[in-house]
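Per-chain numbering from 1; labels A, B and C assigned in written order.
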Amino acid sequence: MAALSVDSVRYSYKQVDALRGVSLQVDSGRFVALLGANGAGKTTLFSIISGLYRAHSGSVSIMGHSLESETLKALAAIGVVFQKSTLDMDLTVLQNLRYAADLQGISRKDSRQRIDSSIELHNMQSYSTRKVGALSGGQKRRVELARALLHKPSLLLLDEPTVGLDLNSRQEFVSHVKSLCHSQQTGVLWATHLMEEVTTDDQIYLLNSGNIIADGTTASLLEKYQQPDVAALFNEVNKQYTDDRNVHGEPS
Amino acid sequence: MNLSHALRCLRGVAVREALRFIGQRGRFFSALVRPLVWLFIFAAGFRSVLGISIIPPYETYILYEEYITPGLLGMIMLFNGMQSSLSMVYDREMGSMSVLLTTPLPRWYLLLCKLLAGVFVAVLQSCVFLAIAWFWDIRPPLAGYLAVLPALVCAGLMLGALGLLLSSLIKQLENFAGVMNFVIFPMFFASSALYPLWKMQESSLLLYWICTLNPFTHAVELIRFALYGKFSPLALVVVSLCTLAFLTAAVIGYDPARGFLPKKMSGAKP
Amino acid sequence: MNKSVISALSTCLLLSAQPSHAHWVYVSNEKDDTVSVIDTETNEVIKTIEVGERPRGITLSKDFKHLFICASDSDTVQIMDVATDEILFELPSGEDPEQFALHPDNRHLYIANEDDAIATVVDIETRTVVAQVDVGVEPEGMAVSYDGKWAIVTSETTNMAHWIDTETHELVENTLVDQRPRDAEFTLDDKELWVSSEIGGTVSVIDTESKQIKQVINFEIKGMSPDRIQPVGMELTADGKYAFIALGPSNHVAVVDRSTYEPIEYILVGRRVWHTALTPEQDKLYTTNGVSGDVSVVDVKTMKAEKSVKVGRFPWGAAILPKAHIPG
């Protein structure tokens, strides 16, 4: 079953069209990367999938639940790591996790167990009672990830989760998420503009100006566009798209 | 929406609000010091001014300190209502509002949780204030201490709902200064919190009407009557209607179709 | 069932239907020339009685059948029948009677005549002046000791409490007190005489035996200018614990602990509080508030004013009729 399916979603701010009919799919247990430059529309798309915005047209369903008509069921299946940290800096890691467990309606008994095992899983034992504000960037990200997974979502959304991390922490974080993705059969949609986070067997979508301009596995796309690596591929596809648009004008 | 989930969510929001409130010691003290300064300094200066006319719910002469105590309780509720609106704007800019709003519960309920959590913190503060006031010889009847709790909750809901509404309208954190100037101060001063309405009427009829129409006046009167074990139906009706109106407007303001995130954040990289 | 039983029953019913499980407080209204009667249970004015001009000092006879009223501007003391509210007769009082005191014999009334610097002793039964005693200038307060030996007059200008021997009607001793003495009260055991000084702002406690001041009580109210603290009417509780002192334009009644002679509480009442009266149970104190035209009810246990009751203009004196003596 598709963990997430997005169909022809459109959204515009007053003058700017942010999404011009985006469709994509994330299967359970798959790691899908959404690649796009800053301003391509990634955050808007995430806001729609997580129910913060309502799409102006098109539809979104999560684990088969329509976001429009079965909002609560759909939302219950999502875990989100936002681009900006959304933790309470003046609360401890544990307090942050407990808050999230309460919001998700997890009983005290369950939540205690889940928080314990999550702290273990994400290697947070050494700082679980410290205030989040005192943690390093990488540690904070881990807490956010742990929080997003607390209610065992079927779909995990991560919006540029590695921004602000050094190279080591980034790689560590990506591989951590990927291993979770496989071990727990969680569908992951990972938005980024950092190409080195993508490996060859990942599914990728390229987003530019609110359009999906290419999709497929990394390997297949590299072959199709005859590019040596993801960064070059990204540049090439975007260039082709821009050239094309300059010739044919704005797509409606 | 399942009930145990709803209650757990409410608990979570309330605990978070309380933890943050206690954690920010500065906030705790400033919230408490504000009404106490009024009580100890402002009221002391006007001690003998009042006690000229007896108005309900009072049955005899009272010191000015006693008169403004319900007004100061109202002030606590007012500042907390606005504080929660500030914290909503803050939460929104810091992103933690997104966490709340992606919770799989109806949005109106999530906003109500936020509101109740704010009221809970404000009622706690009011209790501490009343305890200190007791040592300052402001000792309403025992029944009043019980009756004032629901009145505080009602007043808190109304002012919290107003804060919620404002926070849905305010797009940026810096605008809070504007809220202070254009909401808190006028609401507080143009009300029965500091002076009885008849006193206003003596100086200006217009002012009297402004005060009478100010919902905060009714919040204060509801608290005032309750504190003396009495009940003001008019105040309750006005407060309830205002709560409903503010809350409805706030829920509309937070409708996802409108897009609640400020452009600044969502379009961080336009 | 015979007739007498029926009548007895109906009497019982009638009695139980009577609303007066409470005492009556008589309050003289200086400006209205009336006396208001307050029911202590409802704390509402149940009737207003027309009396002579400018009624001030009032007191009940020892048998509670008559109310004595100083009608200052009528230059008379009126005797009102408590049962009918009618003025039965008037006593020759001398000019401008303001305060008086009734001797325990329930027969001799001691009246202060402010303008003439004399105290007049009137025999109520014969309605004649028995004696006139020269005292200081502007006599004001009056008290008779419980054993009946002493009558005290305070003179506002001479600043003295004058001791009059009730047997000889002679002034035997003067005690100098602070400026403008107003009210005088004996303690129940007659060991102490309390005199309030309106301008001096003090209360002097005088030892009856030596006629010397043994204690001067000062008052201080937070945020109140001292010249507004003007002690006037006083009431001493029968248990010997407290004294209530009306403090005039400070709008407060002071509570003095009689074991330490220290004020322990100041109770906010209406404006310009003149006099006070205690209920027979000594659980409530009624204060007359001249300027605000009302009477405040103070709970003795909590030392708090509970309610203020509107009466006539410028209420001055108060006297309480115990429920057992209420007519009807």
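FYI, a residue touches a chain if its C-beta (ideal position, glycine included) is under 8 Å from a C-beta of that chain, and two chains touch if they have at least 3 such contacts.
Being a predicted model, the structure only gives us computed values, none of them experimental.
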{"item": "Neighbouring chains shared between subunit B and subunit C, ordered by label", "value": "none"}
{"item": "Chain whose Cα centroid lies nearest the overall Cα centroid", "value": "B"}
{"item": "Rounded Å distance between subunit B and subunit C, as computed from the means of their C-alpha atoms", "value": "50"}
{"item": "Whole-Å gap between the CA centroids of subunit A and subunit C", "value": "88"}
{"item": "Intercentroid distance (Cα basis), subunit B paired with subunit A, Å", "value": "39"}
{"item": "Touching residues on subunit B, where the partner in the complex is subunit A", "value": "1-2, 4-6, 8-9, 11-13, 15-16, 19-20, 23-24, 94-96, 98-106, 256-257, 259-261, 263, 265-270"}
{"item": "Footprint of subunit C on subunit B - complex, ascending", "value": "44-45, 47-48, 51-52, 54, 59-63, 139"}
{"item": "Of all residues in subunit A, those that touch subunit B in their complex", "value": "13, 16, 38-39, 43-44, 47, 50-54, 71-76, 78, 80, 82-88, 90-91, 95, 98-107"}
{"item": "Residue ranges of subunit C in contact with subunit B within the complex", "value": "222-224, 251, 268-271, 292, 296-297, 304-308"}
